[in-house]
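Each chain gets a letter, A, B, C and D, in the order it is written, and its residues are counted from 1.
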Amino acid sequence: MTILYFAWVRERIGLAEEALALPDGVASVADLIRWLAARGGGYAEALAEPERLRAAVDQNFVGLDASVVGAREVALFPPVTGG
Amino acid sequence: MTILYFAWVRERIGLAEEALALPDGVASVADLIRWLAARGGGYAEALAEPERLRAAVDQNFVGLDASVVGAREVALFPPVTGG
Amino acid sequence: MIRVHVSPDPIDLAGEMMRVEQGNVGAVASFCGLVRADDGVDVLELEHYPGATEAALERIARTATERWSLQAATIIHRVGPMRPGERIVLVVTAAPHRRDALDACAYLIDRLKTDAPFWKRETRGDQASWVEARDSDTAAASRWQA
Amino acid sequence: MIRVHVSPDPIDLAGEMMRVEQGNVGAVASFCGLVRADDGVDVLELEHYPGATEAALERIARTATERWSLQAATIIHRVGPMRPGERIVLVVTAAPHRRDALDACAYLIDRLKTDAPFWKRETRGDQASWVEARDSDTAAASRWQA
């Protein structure tokens, strides 16, 4: 699965994108965030407050309770500020 | 006093502008319209239905009950359709 | 900061829009009305009340600047004969924030429709007719009453 | 009739506005957002989510065409670094009638602010900071909920 990071999530993790195989038990976006944050370092710093994060699964904007099972691409980012 | 006509009021009267001395008793725009309409011909045709007319006195848009006493310029025209 | 212009010349859309981008503007909104051909109109002619027209447009623009936080309010209105596809009127507003620019832009065009002395005559073939005022315009203007 | 474009190139305001005047258009409304300098910003940088951004903008534009009677809906968004005075975003709508053009234009920019994956970073001197999302944008977008 490809995981994408944007804005300060990207900056704190220090990566724009990575390929990961998710372990059993990581079923939702919230699970994924918890699992990544447990890696510590920039991950912990970027993902400590899930309520500040938004997500897209296969480019569809979803809530943090959405499933990531079978997804090809998950993106994690702050609330958008375009326009 | 200068009287200006616009749009179909101008076309029916056949004049864009004329100078007139108002007789006593012509105090309001409505009086002026009645007095002009009584001239017959194009005036009667243009001014027969005062409710279809709008007016400006010295370039201020006014109701037909407004005074024309002492005015330098009175304009008579249909409802506006710009923009 | 207020600019009002009434003229038989074609409206310079690009020039007018870029003119308000000067200064520290964050938001520019515009509305442009064009002559439509769909009902067989060959020529649209705009008559106006010289002097009173400009004064009315300035009054409308000034009221907008008092009501919203604006950096520019432009009203350009063409008069005389024009053809389908040509621009009749352009309003442009500039503001620090988008809501002011958008609302003031809608206000200017709604007010202009009912409060400025312009009259439209349409020619189709050899038939000319004066455009009737529309109740929907009066309703649109009245929604801005405070 | 729907046109969406995301690019690091400067936005061609005049070209985009004139593009929608083709056909039998009666009303064109536009909104343009620019980089403001008043709070000491030297550079504004726009990051986005390639692919998802364009899809989101097309979805917003398509929703507008379903809700209003439009002849054109254009959304142009710049990405990458830009300076005060430069254009960040342009939306343009064209319609037979003004209310459709004006309302759809406001809708497009309100929706874009909350529904498209862009992130702004401001640089002042050697300090960079990510712009925080604003509740007022969420409120502005939610007023379009049917």
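We take it that a contact is a pair of C-beta atoms (placed from the backbone, for glycine too) under 8 Å apart; a residue touches a chain by one contact, two chains touch by 3 or more.
Every value quoted in this text rests on a predicted model; they were computed, and no experiment measured them.
Just to be sure I understand: going only through chains that touch, what's the smallest number of steps from chain B to chain D?
2
What is the distance in Å between the mean C-alpha positions of chain A and chain D?
26
Using mean CA coordinates as chain centres, what's the chain C-chain D distance in Å?
Once rounded, the distance between the two centres reads 23 Å.
CA centre of chain A versus CA centre of chain C: separation in Å?
Roughly 49 Å separates the two chain centres.
Please list all residues of chain A that touch 2 or more other chains.
83
Would you pick out the residues of chain C that each touch at least 2 other chains?
Correct list: 33, 98, 109.
Every touching chain pair, please?
Every pair of chains meeting the touch criterion: A-D, B-C, C-D.
Mind pulling up the chain D residues that touch chain A in the complex?
Interface residues on chain D, with respect to chain A: 33, 46-49, 51-52, 55-56, 77, 88-89, 109, 112-121, 130-134, 137.
What residues on chain A touch chain D, complex-wise?
4, 6-8, 10, 56, 59, 61, 75, 77-83
Within the complex, which stretch of chain C touches chain D?
13-14, 17-18, 21, 24-38, 84-85, 96, 98-99, 101-102, 105-106, 109, 140
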